[in-house]
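Structures are listed in the sections that come next.
Heads up, the next two complexes both have chain A, just with different partners, chain B and then chain C.
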Partner chain A sequence: QQQQRVPNTEVYLQGSVLKPFTEFLLTRLRGICDSPGDEFRDQESVFTCARHRLRLRWSLLHPHLPAYLRYLGIPESADHRVMSRAAYEVPVFPLDAARQLVEAMGFQHEFDFIAEGTVFRRGLLKVTVYRVRRLLGAESSLVEVSGLGPSSLTAGMVESVLSVRDQLKSLVLLAKHDQKAPKA
Partner chain B sequence: MADPFQHQQLAGREGGGGNRGSDDCLDELIDRLRGIRRTLCSLIAKVDEKRPATWPEILNCLAECVSQLSALHRTLRNEKQLRLNDFALLPIGLSPQLDQHLLNHTEGRLGLLNHDSVPHYLRTKLDLSVEHRRNEFQKSSTNIEAQPRTSEQMRKAAETALNSLKQARPDFENEQSERNQTMRSNEQDTAKLLLAINFGIGLN
Partner chain C sequence: MNPAGVQISAECLPEYTVERINPDGSEVHEKPPTASEAFCQLVSKIKFQQWDEDLEEFVSEVEPTIGSADEQLDDSNLSTGGGQQQAASLGPANAESASYWQNIRLSIAAALDETTALMDLLIALRQRPQALTLEPMQRDVEKYEQRIQLVVQGKKKCVQAAAEVLEKGRGSNQMLQQEVIGNFELQQIAQCWKLRRVANTISGDLSLRSAGSRYPDSGGFELRTAKDSSFEVLLPGHLYGQACVQVTLRTSSGESLFPQPAATELPRVSLCNSQRLLLAQELYNTICCECVQAGIRAGPDAVELPLAPGLCANVSLYKVVGPEIQQQEQSAGMSSKPSSQQQQQQAQRLPRPNYLSNALECLLLKRHQQARPEPGPFPSCAPAGLSERRREAGPFSRPVPEPETGLLDRLAAICRHSALYREVANLLEAWPLAEPRLVWHWQTGSSTSAHVAVEFVRRSYDLLRSRALISIGDRKAVLLTTCGQRVAARLGDVKRLLQPCLLREADRHLLLCVHSASTSLGWHLLANSSDPAASLLRSPDGQCSLLVQLDSNRKFVVSVNRGGNGDKWRRVQLDRLAGANALEKLDHVLAALTPLSNA
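== the complex of A and B ==
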């Protein structure tokens, strides 16, 4: 029973929008979402251990907020219309202790990136439009529509994700992107 | 548009300041109305500009209005602490003098709370002429419904139109999305961004 309440499943779709059209997309999102959109600039450290990854993410704009430690499972497409994956998210504080904990668990730091953009909320869903800093040659913003919740709510969230996709169809193509790790 | 400040002003006079819950609730309503006014102002500004606004801009503006209005509607409906319908508003002090305080609160729209203005602000029924026109419209609409043959024909025509639209829709959507997507997004960029956030490839 407890298991049914823990938010452990994430359903999502991704796409990207070229720089000149980002403002169109943001205006449309302001229209269809509950919140007017919040700016964010987050840094994310990724740690790895035997093909598992842990992601530690914290806000650079609001350093007093707790960081988030996330585990993301392997993407699968049980529902053929959206991607889904297991996802666990816990707030951790302070940051240094979290980093030490992750390293003590045997994870090694792999890479860091900074994401900068806007986040919107619509019901249980989160819509993010952001650029990845220090990435050469990509002038686009990544667009992500995702819902994280207990598996009992997954069916409803799939429908909402699809409805957002349809409403944004003329501006951005949100699709399933199942990326495999390139072989080294 | 009804003035939110007037409401608060009168409620304040009537309830001697009102209680906390209703104040919060009114504050929220005022916030929402302000948001709507801001959007409408920007819409008007866009329409008035010398360079005509493009359709997407206006549609976006309207979409924003709709979402704000429905949010307002939701708040009004789900009001748990305060039911505005149950409130009686009584203007206690009418004065023919210019009221600076009121003027400030209404941003210069209303300076006098006198026998002329109060009936307009406390109106719960429609203006007589408006009500008359509404009745006329209702009458003419019942006339239309009373003619089953016409409505049947209308229905058939609408259905035919709907069917042809439905048939054309997939083609149109495909064409549209292909045309838009080639312009507005770049598959390679999507892949690059995802590689970067998933596996850290391409970051310097």
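== the complex of A and C ==
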């Protein structure tokens, strides 16, 4: 029962939108989501050990808030319409101690990136439109619709994600993408 | 796209029929007939019946030679023991040999035909030269005309095909333009309102749910495509109109504390006004709910809130909904004279919202804002909402929110503050004294707090000023003087309590002016009293004393005692002295009594 309550499954879809159409997408999202959209600027450090990755992410705009240590599993194809993966998140504070802990566990720092954009909320779902510095070009933004919850709510979250995908279909194509496991 | 600038190529039928098309795209045309083939065709059309007699003679002469040739051929075949056997010995065996000899026979027969025809021609030329004349070969007229017609029809078909293509393009262009116009209008509407496609219709949302409102009315409307591909808005009946909530303050005698603005608005139908109608309904419903909970009687379109004895706030809902607006819109365009309907509807005009109405709307919108979800999550990967456990426990737990006051309480506070504000303003504007003058500066902190700084000044060249501060809250107005005196007054008691205090401050300021003038001439202040206001001054040489008093009518009473004798006080008649006001006259008195050595 406890496992049913712990959020351990993430259902998500990803897409991209070009810079000239980003404003249209944000306007549409303001209409269909509960929150009007909040700007965020996060930095994420990725640590690797053997074939496992840990991600440490913190907000650059709100440094007083805790950072989150995340483990993201391999994408599974339980439902052919969306992607799902195991996801575990733990708030950690302070940041330096968390970094030292991860390195003490044997993980090595692999790379950093900065994600900057807008996040919307719709119930348990989050819709993020953001740019990743140093990886993508400056002319397009990543769009991600994700929902994190216990495995018992996965079916409902899948339907919610697909509903948001259908409402954004004319502006951005959210689809499954093949992602290979990181090499050792 | 300019159709005149489009080039379309039209292909006509080829001159020769296409026999086959090679893989590389090149065409193989049917070869025209050779000269011999054409000659054979012509010959086949020549009738040789007229010259049967001559032909028979010629044939009788020639036939034996031809027949002998055939017999020779047959004999040679027989002599060799069978043509077949000979053929078999001369050429390839079996079926191939038969076809081989057949081909040879056919070619010989063709040559024989040509030769025979030539011979016939020579005979004809020899026997009857006049019957045969050589004329240039004529084309088949019918076939030529048919071919021309075919070519023309072919070209017509090609041009027709091109015309159909152009027609389709023009039609699709028109549709595209209309679609673009319609999409542009749709985009403009979508920029301001939330739209979504439901089945084959486009529906919109007028409610303030995205701002945090929880009013059950969804405020939905529909967009329908009109005949000219533009969009028309379909509103539900109860949202077709305009409304506003007006808050007024009235005394027990029915007098309004704030003057009502004379200008009014004609109700108009638009999405903005429909949204304001929805907001006004929600606002009034919220007020009514809280009135019922507080035990206050609420009507369908007006509510009276008691604020203080003799003062109440009236919250009214003005609404113009329904087909009356439609009639008004129609009649406004038809005639310039006001019709009877317009005159009836003038009573339904909406008043302009005043400060209290705007404040009430802001209260509701603030409540919506508080009901909105919290910003974030930060970082963006954090869960969308915290669980209850996390919200309450740990170092990042949120404080317990304070119980919020209702809309009615806040409105009552704003109304009381407005009434207090009005009373203090009236008090300052009705200052009874000419000297000293009163100068005040307002500072508004919020809808329930304000401050006013009061200064007492003289109509003269000196810069001497006395100050006082009046703080206006939602329950009382507090006067604070420079000497530390603090007087508080509730609603209705402002004039009764604050005005005497201000008058006393004015007296003190006058005496302060006297002190200042006397000090500059070297006089000494012996005693000072605020109530009654009086000051005792002594001249620099000590020979003269001056008593300055203010009577109940705020007039100076000046008495002089010369020679240090405390019993004989002589009153100075200020009326006979020159001067614009009492203080200037007093200046003259001081100057006259000051010994020359000190002047």
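The rule we apply is simple: the second predicted complex is superposed on the first by the 176 of 184 C-alpha atoms of A that agree within 3 Å, B and C clash if a C-alpha of one lies under 4 Å from a C-alpha of the other, contacts with A are read in each partner's own complex, and residues count from 1 in each chain.
The rule we apply is simple: contacts are C-beta pairs under 8 Å (C-beta built on N, C-alpha and C of every residue); 3 or more make two chains touch, one makes a residue touch a chain.
Values in this document were obtained by computation on a predicted structure and should not be read as measured data.
Novice: State whether chain B and chain C clash or fit side by side on chain A once the two structures are superposed.
Specialist: Result for chain B and chain C: clash.
Novice: Should A:Ser59 be classified as contacting the first partner (chain B), the second (chain C), both, or neither?
Specialist: second
Novice: Taking the superposition on A as described, I'd like to know which of chain B and chain C A:Phe40 touches: first, second, both or neither.
Specialist: second
Novice: Does chain B (first) or chain C (second) touch A:Ala115, or do both, or does neither?
Specialist: both
Novice: Return first, second, both or neither, reflecting whether A:Leu148 touches chain B, chain C, both chains, or no partner chain.
Specialist: Once the two structures are laid over each other on A, A:Leu148 reaches chain C alone.
Novice: Tell me which partner A:Met105 touches in the superposition: chain B (first), chain C (second), both or neither.
Specialist: neither
Novice: Would you sort A:Val6 into first (chain B), second (chain C), both or neither based on which partner it touches?
Specialist: neither
Novice: After the superposition on A, what does A:Ala97 contact: first (chain B), second (chain C), both or neither?
Specialist: In the superposed model, A:Ala97 contacts neither chain B nor chain C.
Novice: Considering only the touch criterion stated at the top, classify A:Val17 as touching first (chain B), second (chain C), both, or neither.
Specialist: In the superposition, A:Val17 contacts chain B only.
Novice: Looking at chain C, which part out of 385-393, 403-411 or 439-447 clashes with chain B after superposition?
Specialist: Superposition on chain A puts chain B right on top of 403-411.
Novice: On chain A, what residues does chain B touch that chain C touches as well?
Specialist: 27, 30-32, 34, 44, 115
Novice: Which residues of chain A touch chain B in their complex?
Specialist: Touching chain B from chain A are residues 14-18, 21, 24, 27-28, 30-34, 44, 46, 110-113, 115, 132, 134-140, 142, 169-173, 177, 179, 181-182.
Novice: With touch defined as at the start, can you tell me which chain C residues reach chain A in the complex?
Specialist: The touching residues are 190-191, 194-196, 205, 210, 372-373, 375-385, 395-396.
Novice: Quick check on the complex: what are the chain B residues that touch chain A?
Specialist: 56-57, 60, 63-64, 66-67, 71, 173, 176-177, 180-181, 183-186, 189-204
Novice: Could you list, by residue number, the parts of chain A that touch chain C in their complex?
Specialist: Touching chain C: residues 7, 27, 30-32, 34-36, 38, 40, 42, 44, 55, 57-59, 61-62, 65-68, 70, 89, 91, 93, 115, 117, 119, 121, 123-126, 128, 130, 147-148, 167 of chain A.
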